[in-house]
Amino acid sequence: MDSQNLERINSMLDAEVEIREKIKEQVTEFDKRTRTLVGILNRIHSTRSEKMSTLLDQARPVLDSCRETTAALADIVPPDQFWKWKDMWSLSLRSAVFSATLMEYLNSGTLLSLPAVAETLGFKPEWKDRVTLAVEDYLHGVITLVNELSRLAVNSVTLGDFEQPIKISLFVKDIFAGFSMLNLKNDTLRRRYDSLKYDIKKIEEVVYDVSLRKLAPSAQEKAE
Amino acid sequence: MTLPPTLNSRDTILAVFDHFREELDDHNDRRERLIKSSRDVTNLSKKVIFLLHRTMTEDVGEADDRTLGSRAASRARGKLKEIQSLFAGMRPELSGDRYARYQRNVSPGLQEYIEALSFAHYLEHRALISYEEVQRSLCDDDGTPYFPLSLEDYLLGLSDLTGELMRFAIASISRRGGRQKANDVCHFVRDYFEGLTPYFRDLRKKQAVTGQSLEKIEDAAYAVAVRTSEFDLPSEMLDDLVAQMVSR
Amino acid sequence: MDSQNLERINSMLDAEVEIREKIKEQVTEFDKRTRTLVGILNRIHSTRSEKMSTLLDQARPVLDSCRETTAALADIVPPDQFWKWKDMWSLSLRSAVFSATLMEYLNSGTLLSLPAVAETLGFKPEWKDRVTLAVEDYLHGVITLVNELSRLAVNSVTLGDFEQPIKISLFVKDIFAGFSMLNLKNDTLRRRYDSLKYDIKKIEEVVYDVSLRKLAPSAQEKAE
Amino acid sequence: MDSQNLERINSMLDAEVEIREKIKEQVTEFDKRTRTLVGILNRIHSTRSEKMSTLLDQARPVLDSCRETTAALADIVPPDQFWKWKDMWSLSLRSAVFSATLMEYLNSGTLLSLPAVAETLGFKPEWKDRVTLAVEDYLHGVITLVNELSRLAVNSVTLGDFEQPIKISLFVKDIFAGFSMLNLKNDTLRRRYDSLKYDIKKIEEVVYDVSLRKLAPSAQEKAE
Amino acid sequence: MTLPPTLNSRDTILAVFDHFREELDDHNDRRERLIKSSRDVTNLSKKVIFLLHRTMTEDVGEADDRTLGSRAASRARGKLKEIQSLFAGMRPELSGDRYARYQRNVSPGLQEYIEALSFAHYLEHRALISYEEVQRSLCDDDGTPYFPLSLEDYLLGLSDLTGELMRFAIASISRRGGRQKANDVCHFVRDYFEGLTPYFRDLRKKQAVTGQSLEKIEDAAYAVAVRTSEFDLPSEMLDDLVAQMVSR
Amino acid sequence: MDSQNLERINSMLDAEVEIREKIKEQVTEFDKRTRTLVGILNRIHSTRSEKMSTLLDQARPVLDSCRETTAALADIVPPDQFWKWKDMWSLSLRSAVFSATLMEYLNSGTLLSLPAVAETLGFKPEWKDRVTLAVEDYLHGVITLVNELSRLAVNSVTLGDFEQPIKISLFVKDIFAGFSMLNLKNDTLRRRYDSLKYDIKKIEEVVYDVSLRKLAPSAQEKAE
Amino acid sequence: MDSQNLERINSMLDAEVEIREKIKEQVTEFDKRTRTLVGILNRIHSTRSEKMSTLLDQARPVLDSCRETTAALADIVPPDQFWKWKDMWSLSLRSAVFSATLMEYLNSGTLLSLPAVAETLGFKPEWKDRVTLAVEDYLHGVITLVNELSRLAVNSVTLGDFEQPIKISLFVKDIFAGFSMLNLKNDTLRRRYDSLKYDIKKIEEVVYDVSLRKLAPSAQEKAE
Amino acid sequence: MDSQNLERINSMLDAEVEIREKIKEQVTEFDKRTRTLVGILNRIHSTRSEKMSTLLDQARPVLDSCRETTAALADIVPPDQFWKWKDMWSLSLRSAVFSATLMEYLNSGTLLSLPAVAETLGFKPEWKDRVTLAVEDYLHGVITLVNELSRLAVNSVTLGDFEQPIKISLFVKDIFAGFSMLNLKNDTLRRRYDSLKYDIKKIEEVVYDVSLRKLAPSAQEKAE
């Protein structure tokens, strides 16, 4: 192997190792942030609706801090290499998407769109060949949101809030109808989408329990 | 064939190996025959199990559980006899030290048979079939065993029984008296479990499945309990009320 | 390898590749149709019984369009090769069977038989060694029907229809009695058949809730 | 190989074999004890709360007998070699931790701390380079405890005890919150921790069923 | 059985499912029978392969390779006929669209048969048996196939042939003319390979094994080449010199 | 899900599907080419050295035709997405690298460098964010080359060429020394590199056989 | 579980455990013996033929001591259970068969028959349903013998004994002819039988080297 | 979970993570050193005996630098935790053992004993509960030595050194005899020991080739 060939190869390999190390560091940090965030949001299951906004206020700064990660990654990843490295942070990123959409649902009852999530997390359009919010990561986050809302439907009844399940039911059916129009290939996303049916079924059963017992008079009208 | 203790020519060596060939061919052919018979046993046993489930879920007016159980067991008896005669047919292939040699080839069928037999036994007697009873079912008219039943086959056959009991419990739960039945099965399986837990380590994998079956039975019993506790009436009376509503 | 043999092998291979490609194309189309169909039928859960027939009218033409797929497949598959290729389309076919039987149930309250489903989907008897409706595909479709009806039992109560669960209960019990006649291997069908029991249990619970609330006023009071 | 070198190596290898044999003997005994213990504790699922203390009384001496194992192991393991041998007994030890914490929960409703479990099982601080209770073994035992309690929540309702699930729910959520603050690396422990979510969901559903039907009037207040 | 297009009573449903049961039972029983026959075919084929090896390594004076090959093939013919009649017996179970349905149950035996048949063919003709020839061996007297041979079975059966050829080459190498034989097999296998390489992707795993076999054959040919190159005599003459030394 | 959000997602997913289909087509073609190439090069094992150049002349146009694939891929892959799609063609590409380096070795006895291979295969520097020759693909191809040369060492002796193994031995040792200076992480490449030792051992044994028997007088001098 | 059944099961289990323990003890002992034996016989490769009988004299008592193992096993194994336990000792037994047949070959140049080996190792015919020498164990031992003889052929030439390889060649060919009479399954025996061919090849090469150096003086000259 | 319990657990887990990171850093360094060392020693296969000492002189400082690793590890590992962490560095350590013993063999023709290797690598007796040279690591290194020497036997003949194989043969047989007296359990070590037979066979064949051709007159005498 002539030495020029060898040198070129070695410097390419070394550069890769260095980038990997730097990204790993950021991901460790990102992971801590999203774990804290998910930890805070886990408390929604025992929080009455009137105190929900206080909880969200606590979560907000942590969510905002994720922008630092995004910026740091944009600094590290070389041009054109987004797809080479993205798997390293996508688990954490999906947690962040989940948190952002959950917070928006609790706040306004609506689904945060992909560009809105991207903005919330501090992605800049000009970084798109280095760090960006890929469709699949957004969709994974939204599926996790549905999983969590089926749990919330159950727990809000326990807390005496009989309207929440009905709200969730409508919101989630809408998302499900959206998903069913997507052309998903037969991969993880597809499998997770299929599992949404169980969440919807669970939510429907909660709504059933509530309306059977006439606990939420609005149930019938709204469910239509 | 008498041969010198050492083989000093190609011809004697060939003669000896010719003998080895016969022995090996014999062994392989026998193994094949037993594997085939074992497959037959498996298939028949599976049919018995379906027959038992089918009989237990038939709509036969007011027949109580005991009656249904006896009917199921007696319907199964014929097919079980058929299986037993398959085992009788294997007997010469399994005599003396042969059983130990071919056990692993016979086991799959044997365990499925024990599953079927113990299920029929449970439905008829609400009790676990004992080792003795299984062994007795595999004896000729003089009470001589076709082959010695191994403990492993007995226990592994029983492990599979829990799966069938789970299916039975869940299918019964939406029928009259289902709550009681789920509770019975639940206690039966727990009892079996508690008897064995302290002794076995190796059955672990099978026991994990048994554990899952037990949890499913418990969940079923729970569902009934929760639902009936909402009303202040005895569960039999609730059943009657519902039947009245649903009657065509 | 002598060239005549090689040529023969090659032409067989090419033929197979071509058939596979053509079937794949049809299956993509078939898949789209059944997904649209299932999407429409998903709305039964929020549709009051009096508007059900309008919904069915919307679904009918999509169901009918599946006949085009059947005919196209019959053109592609060579004689006697049904079993070689059927796995490629059986998932979509089962969705179609499910849709046809669900629509019939909603319309007449009865179970569409295998030959009737086959006719609905445009299978011709003379194609039976190329494309036909196999028993297992019919049975899979019927199991999906029961899964869906257990969901419908729940949701119809939410919508105030207390008769539907009782109708479903009787219908599904008959189907279950049919299934218990079968000797199944340890395969997917067996596993799905086992799952039927849970659907029946759920339906029975709904019937239970509804009947007791109608017939046992004392219970009612306590529950409130 | 010169004979001195050989002899030294051989005596080291022989010593290892001997220690292994002795530990194996103790582990067989330990395993019997913990299996008996778990066998007895299995009965909690069919025991009404008023008879629970009788059951615990039966289990206590078996739990106490584990101290003999601990002492015997401390005698066998040479100084500094705890980490070399611990895998041999850790499965049994985790069963013992599980049993001790379950018994304490049933008795006082609290979680036994790591040092308290160590004391219960007879570990002496001065043995710490030979036998001690490692953090991971403690945590594994606690996860098994949660698994078991989710089953108990279900079965206690079947036995008519509607308060137990609520107690369990609070207890387990507390543990879960604790776990979520730990810095678990991505190994078995992490995977088992992730699975706790299913247990919690199941328990929440039981609490939901109970409070929906107003079976335990305290449900709402306590769940907060 | 004429039934209404929709089944509106439990009785009609039961009647229909009763019919399904028959159909499923039929299918399962047929599958079982075919699996058993396939096992028989496998066992007989393995015996043919051993018989062929055995004949090729027999010490029979100065018989040349061609003669040995013909003898081996003609000895195998009887057993191969036996296997063919097993296939003839399966014919009714595999008629029409059934073959495609049960192919995977028959394949293991069929591939082993093709391995044996092609090995015999190689020894007799030093050539690869063609697809046509294999299909012809599975026809009745009128030339009607018992079932259509699938390309996959043909190719997978041939892949296994390389393993046997490797064994054949290595066993022959220490015999007179072994070098030539190793070279022949080497060329034969390479030729087969080069013919197929550009076309197949899916046969990969099997081809990896074929590749290993080829390397082993090459190593054997190499060993002879290296050793004879040390001496300045034609290899046949070297063989004679060695034989002279070793003669008892 | 609001329809704008949905539309955007759907068009992104559809674009992906289309790109994938197009790449797949090219890869099928690429695969055919490299398999033909490898098929021709397989014949080196039965080709005497004097006829080797005729063989190479046959292979050359097939190798050149790979440039069409490269160009076609550069047309399909969108800017910045090299890393997203490269796995689809890397198996074929490695075969092409192997072929190119083998042909160069047989022709000139030297190792083709990474940029030289890239040029041979028609990669243009300006495509680097769409299609390029990654280091790992180059290295995989070179390892396959060594695997093949160890086989060639054996077969050339059988054909009476005693110089070839000695040439190969020097060439391969040089490559191995090069590899041992690379900072390979513990992945497939590392495992394949470890396996090179067996090839080298085999080649050394061939050289041993040849020089022991003084079949190639040059053996000793050159091996130094 | 009723207590009588449980008791029966327990006593069967205990009996099995006890048998296993006892056999294990014997096997440890057996293993030591055969390892010593193989250790002694390993010296044949550096022992001149005239001193071979002294070596055999050393090995003999160790071989004889194996009879104690056989007898002990016959005491432990219950009637008809030979096949249940034999795997526990078959590795050691095959070493013993190998040793016995090697010693006989070195002594008389002939192959010790199965019954003769059985007698040497102290197997009594009346134990045949408990401990016996199965055909496969005998065959494994004989294959090991051939493996070792191919090594001996090489080493005896190094020691200046040019007759041994020729003797070995004739002996091993007879054995190989025997083996090719068998129809083997695809098991270990088959794989080891395949490997015999390599041993024979090696031996033939030695014979070839030796013969030609004696009979082809012209060749000799060239080689030097 | 009470906060004291939690804090204690967390600080224990954090300490572990930190230690792991520090060790990983050292191991990366250690790995580089041993790879350089092995890279240099790989050149013995093309180095004439008279230049061997120059080669060893080059390797010596790299070997000595391993002491730094040992000291650094002793600083990091807490008392009593040798067995907890040793797997992290044992691969590199075995390479170092291999290198040290190979260098000693090439220098003096003798086998470096375990304590001597330990000293060479800078292990201090007082660190024995933190870092030490375990028997199994020493033995693994020695087995690698034998693997390498069988390659050297082949290559030294290629280089015209006919005495080296004979020296190696005697040295290796001695080691093998030593190993056969060890009580190895059925693990990796046992499996690698079994593979030594192939190395010995290869070496014997080289000695055979050499003595058959009378290339080393001393062969016969020495081999005895």
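Going by the order they are written in, the chains are A, B, C, D, E, F, G and H; count residues from 1 in each one.
One rule holds in what follows: a contact is a pair of C-beta atoms (placed from the backbone, for glycine too) under 8 Å apart; a residue touches a chain by one contact, two chains touch by 3 or more.
What you are looking at is a predicted structure, and each value in this text was computed from that prediction instead of being measured.
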**OP:** In contact with subunit E and with subunit F at once: which chains are those? Just list them.
**Re:** none
Original post:
How far is the middle of subunit B from the middle of subunit G, if each middle is the mean of its Cα atoms, in Å?
Top reply: 43
Original post:
What whole-number Å value describes the gap between the mean CA coordinates of subunit A and subunit B?
Top reply: 48
Subject >> Chain centre separation in whole Å, for subunit E relative to subunit D (CA means) >> reply: 58
**OP:** Among the residues of subunit F, pick out those that touch two or more other chains and give their numbers.
**Re:** 177, 181, 213
Subject >> Touching two or more other chains - residue numbers and ranges from subunit E >> reply: 10, 28, 59, 199, 230
Subject >> Touch relationships between chains, expressed as pairs >> reply: A-C, A-D, A-F, B-C, B-D, B-E, B-G, C-E, D-H, E-F, E-G, F-H, G-H
**OP:** Note which residues of subunit G are touching subunit H in the complex, please.
**Re:** 35, 38-39, 42, 45-46, 48, 151, 154-155, 157-160, 206, 209-210, 213, 223-224
**OP:** State the interface residues of subunit D toward subunit H in the complex, per the touch definition above.
**Re:** 1-2, 4-6, 8-10, 12-14, 17, 79-85, 111, 113-115, 128-129, 135, 138-139, 174-175, 177-179, 181-185
Original post:
In the complex of these two chains, what residues of subunit B are touching subunit C?
Top reply: 46-47, 50, 53-54, 57-59, 167, 170-171, 173-174, 220, 223, 227, 230-233, 238, 241-242, 244-246, 248
Subject >> subunit H residues within the subunit G interface of the complex >> reply: 173, 177, 180-181, 201, 204-205, 207-208, 211-214, 219-220, 223-224
Original post:
Quick one: in the complex, what on subunit B touches subunit G?
Top reply: 3-10, 13-14, 16-18, 20-21, 23-25, 28, 96-101, 103, 127-128, 130-132, 148, 151, 154-155, 191-192, 195-196, 199
